[in-house]
Amino acid sequence: MLKEFTKGIIKENPVFVLALGLCPALGVTSKVVNALGMGAGVIFVLLGSNIFVSLLKNFIPEKVRIPAYIVIIASFVTIVEMVMEAFIPSLYESLGVFVPLIVVNCVILGRAEAFANKNTIGASILDAFGMGIGFTLALIVIAFVREVLGAGTVSLVPIGSWDGVITIPGLSTSPARVFSLAAGALLVMGYLQALLKWSNMRKTEVKK
Amino acid sequence: MIDRVIYAFLSVGILGGLLGLALAYAAKIFAVKKDARVGELEENLPGINCGACGYPGCAGYAEAIVLEDAEMTLCSPGGPDVAAKIGEIMGVEVSVSGEKMVAQVMCRGTRETSKTKYEYDGVEDCNAMHSSFGGDKTCPYGCLGLGSCIKVCPVDAITKTDAGYLVIDRDLCIACGKCIDVCPTGVIKMIPYNAKDIVACNSTDKGGLVRKYCSVGCIGCKICDKKSPEGGFVIENFLATIDYSADGNRAEAIEACPAKCIIDLDAVE
Amino acid sequence: MSEEMKLRISSSPQIHSPASTAKTMWLVVLSLIPAGIWGVYAFGPRSIAVLAASILGAVASEYLMGLMLKKNTLRDGSAVLTGLLIGYNMPAEVPIFIAVLASVFAIVVVKWTFGGLGTNWMNPALAGRVFVFFSWTGGMSRWSMPHMVPDTVSGASPLGFLKTNLMNFSGSADGPMDFLAGQNYPVDSYMDLFIGRIPGCIGEVSALLLLIGGIFLIIVKIVNWEIPVFYLGSFALLTWIFGGLGYGNGFFTGDILFHLLTGGIMLGALFMATDIVTSPITRKGMIIFALGCGFLTFLIRFYGSFPEGVSLAIILMNIFVPMINRATQPAKFGKLPKEKKND
Amino acid sequence: MTYIGIIITFVFINNFILTQFLGLCPFIGVSKNVESAVGMGFAVTFVMSIAALATWAIQNFILIPMNIEFLQTITFILMIAALVQFVEMFIQKSSPALYKALGIYLPLITTNCAVLGIALISVRSNYNAIESFVAGIAAGLGFLLAIVLMSTIREKLDSEWVPAPLRGTPIAFITGGLMALAFMAFDKALLNNLIG
Amino acid sequence: MTEMIKTGSKLALICAVAALCLGAVNMVTEPQIAKFRAAKLKAALEQVAPAGTIGDETAADDVIVTSYYPVQDGTSMSGYILNLKGTGYGGDLIILASFTPEGAVIGSVLMEHDETPGLGKEAENDWYMEKYLGYSGTEIPTSKTQLEQADLDAISGATITYAGIGYALAAGSDFTVKLGGK
């Protein structure tokens, strides 16, 4: 049972291994705090859609399966969007167009298709948490690298009077701005994936 | 406020209903009789889309079996199990040769053991090198070692050893045959998965000539056959090969081979 | 065995040049040196530091990557050439770390990530320059006047000056030279541009010496004439047709000479667009490639938001090279696998 | 804004893949060889143009009159999902040849964020019906351009010695990154100077 | 036939229920969002406004000026706050700026933009906007050459954004002058 939870974090990490949900993984990761917000949104939507899909799996007719799933997902996304805009407006502004695009995050539809409609609610919930956390972790790693290199800062959640931004001396005055732009995002993603692949290759070599 | 909720309820509900109806209706009028067996076949094929069967991916092969009466034994990664399964689905008895085959490089010659004609300074690609006078090795049959096969191998089963020759991991090999297609000298051959020993040479030149250009080439001396008569050694064109239907012990032949080109695969890896 | 001299053979995809890689690289370096000496003379000792930093950055990265991937490639000269070209593309006032990072990016990301010399599809030196340009735009736009120009206005290169000042220019001028003179920019004659008495990147200002080096390379058949000729030709044609519009003049009034002699177009067309690895392999392909470079340079320089356009134009066309090769390849290459099955 | 402006914007300046991060999954997944990249590119262009038009109709005939714009996401995606499925069935029946060429890519398009992206962007930019349609085609062409260029480069890289850990998707991302770096040459100012 | 209706109605049911839920959530969040937006606008208005009471928003018939608020200090006009739409590097620049009736810039805030982080995005900061304050009409700097060396370094590389804001403010200044003290 626990396997359903842990597999999403490393072995089947949605971003690095399954290469799903790439658009938000790159689009919002110019700041760590955005990655946290996006991750939380995705976990919520993933949880909701996995629960409902596994509940309704016998009710939904085959011919309209995809539209039905996507409506369920879209509802949760819209809820996230509205709640975020109402209560965390600053985060909503920086996530911009990517919030509604959680709908088409392949991770979510993929899990609904590949897991939730074949499994029980319990397993689906664990799967959602595992995949969601794996997705969030991947986002945080990408965002961390990009923000440190591209802006020289690490922005976390503001607490009280602290604005949540750690500034790295030296780097922040002349950061490699490309990393906060599209080109840098793709480069960082490529190298992080290669790093993971390399460490896996070494592991299997050691086993031999 | 509440009226908008009602609008929302009605409009999206009606939209959904209409689209649902349209899709259901479309599914009916646009229904294409899709053979259920295609889907079933697809599920049983390995799904790695290697293309070894000659069709565009596993789905393409599945369709070809049903619609075009394609051969049922073309899936080499799947081996006999999949072929049998395909036969089962199609309701035909499939006779399979039985054994799983893997590819192996039949040469252990390196730049140290084999003479070279010239110094190559071009793109690191066997076919590119082969187009200039058949490669830098004087031996026209050997492995050029630039690893074009490594690049095409979909499962990374081929590696270059530190000594400089190539080996194929039989547990990883899926017998897709891509390395055989890409190799310009034809030094990669299919052998049964269970084959324990190989004669690591591909040269059909006369023994004396081989000895001149390579220190690990088979010279066709037939010592192997004499030492291990049950080993299934067949010597033709000055090159020993192994008939793997014979299953005798070949230890003595390996020991006695003057060029040391009979290789115990387990000992190497 | 080893003492016997062996024939060196290179295979067909490198049909550009029969000479060995290393010899080619060192000859290109050699032909670049005069322009560099002028740059050092014009901008003073600081430019030596910039050149040294970029070359050292490139060589050190090449060495480390070679260690990691077990290939010793230092002697082929390609790293030195990449570093030199990067240094040539830097203003003399650039912070040293920018020059180093441009080289590191060029060698590590653009070249070795794809497997080393010959496997990269984008020109490393230009990609390195573009990377640092977008990362540290401020640092990359710090120009200084050559010391022999009496006026000490710090500020812009001629093209940069045009870009920022032409936007809100409402008067009329005959062309760029007239405009610059009208704004008290210290460039008097085309000779200044041709010799290199203008602010600019270290290696790009002396059109004369670059031209000499480039012609030398064409004569010794290291670079084909098609790319520079069609590149400069198409750019000049477009400049002539549309270049005058910005000054309120009509079509066919553009100042070709000014635009050919300023900015990095000489360096780009002669030494960068002609890079063996990242340009097309067929003659037809080279012409298409060069026309594309000419058009894009024109587009970016006259309408884009950057004063220059050469480096971006060339790396943009680098993206199209595999497609151009595919479209213009002689049938023999494409059909290789089939032929093999027959024998 | 003129139609030419819209086309230049979506093909070069706001290229969905290289600057907007939309449609990356198929960009990485289906760019291994040129033939499938071309197929995918045309399929996406086709669906995007129809989707942009259909969602424009929903926005202007349903959502705005009833003041229920908050249902944008759900109605748009419902429309797109149904549309893709409908197109798939229609092509399968009417033109088996076309289905063979495009069909296998169609189901992938539902989850292609580029389609929903163009719908949302058209609405936010207040495009009219024809402008939305043109924007859809242009964004599709931008996708086609990027994915075909990518596939030609990847086919070249297939015959090169890319270090093992980088082979496959990592090198595709890095290639995409370098492409994006070069595409930074195209920006809003370029368009303004050309057309403005 | 019944199969079809069943399928259709099932999808309809799912959609309708989903929409109902969304409607309910929207009822809660919408007032909150409106409140936040109003607060944000108010804060921005107060930041740039000259002394006085801010009047109602009036739509303007201009390419760059989209609307304006008159500001009344007692009986005299103390200035105008304008909504400006300029063109920057990455797209439109939405600027809220206040002017004296004579057209000099009093305050200016960049509300929405799509500029490059590290370059044009710096215009979000107060110190950036301060470089325009006090000028009017054609005096408003639109090019880096009109600046002191120290200021130049600070905005280096963001020429387009700088000019974009400058032109928008200049247009706003002209507009204010045309409005006069009305």
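As written, the chains take the letters A, B, C, D and E, and residue 1 is the first residue of each chain.
Keep in mind that, in the parts below, a residue touches a chain if its C-beta (ideal position, glycine included) is under 8 Å from a C-beta of that chain, and two chains touch if they have at least 3 such contacts.
These figures come from a predicted structure and were not determined experimentally.
Asker: Moving only to chains each one touches, count the minimum steps from chain A until you reach chain C.
Answerer: When the steps are counted carefully, the minimum from chain A to chain C is 1.
Asker: From the centre of chain B, which chain's CA centre is farthest?
Answerer: Between chain B and the rest, the longest centre separation is with E.
Asker: For which chain is the distance between its Cα centroid and the global protein Cα centroid smallest?
Answerer: Per-chain C-alpha centroids compared to the overall one single out D.
Asker: Determine which two chains are connected by the greatest number of contacting C-beta pairs.
Answerer: The chain pair with the largest number of C-beta contacts is A-D.
Asker: As a quick test, compute the distance in whole Å between the mean CA positions of chain D and chain E.
Answerer: 31
Asker: Once you find the CA centre of chain B and the CA centre of chain C, what distance in Å lies between them?
Answerer: Centres of chain B and chain C (C-alpha means) sit 45 Å apart.
Asker: If you average the CA atoms of chain A and of chain D, how far apart do the two points sit, in angstrom?
Answerer: Computed from C-alpha means, the inter-chain centre distance equals 21 Å.
Asker: Residues of chain E that touch two or more other chains: which are they?
Answerer: 7, 10-11, 14-15, 18-19, 22-23, 26, 30, 89, 119, 160
Asker: Please set out, as single numbers or ranges, the residues of chain A touching at least two other chains.
Answerer: Within chain A, the residues that touch at least two other chains are 61, 63-64, 67, 71, 74-75, 78, 82, 175, 177-178, 181, 183, 187.
Asker: Listing for chain D: what residues touch at least two other chains?
Answerer: 68, 70-71, 74, 78, 82, 85, 160-161, 164, 166, 171, 174-175, 178, 181, 184, 187, 189
Asker: Going by the contact rule at the top, pick out the chain A residues touching chain C in the complex.
Answerer: 174-179, 181, 183, 187
Asker: Which residues of chain E touch chain D in their complex?
Answerer: Residues 15, 18-19, 22-23, 26, 30, 87-91, 160 of chain E touch chain D in their complex.
Asker: Quick one: in the complex, what on chain B touches chain D?
Answerer: Where chain B meets chain D, its residues are 4, 7-8, 11-12, 15-16, 19, 22-23, 26-27, 29-32, 59, 124-125, 147-148, 151-152, 156.
Asker: Applying the document's contact rule, which stretches of chain A touch chain B when the two form their complex?
Answerer: 61, 63-64, 67, 71
Asker: Of all residues in chain A, which touch chain D in the complex?
Answerer: 19-24, 26-27, 66-67, 70-71, 73-75, 77-78, 81-82, 97, 100-101, 103-106, 109-110, 178, 181-187, 189-191, 193-195, 197-198, 201
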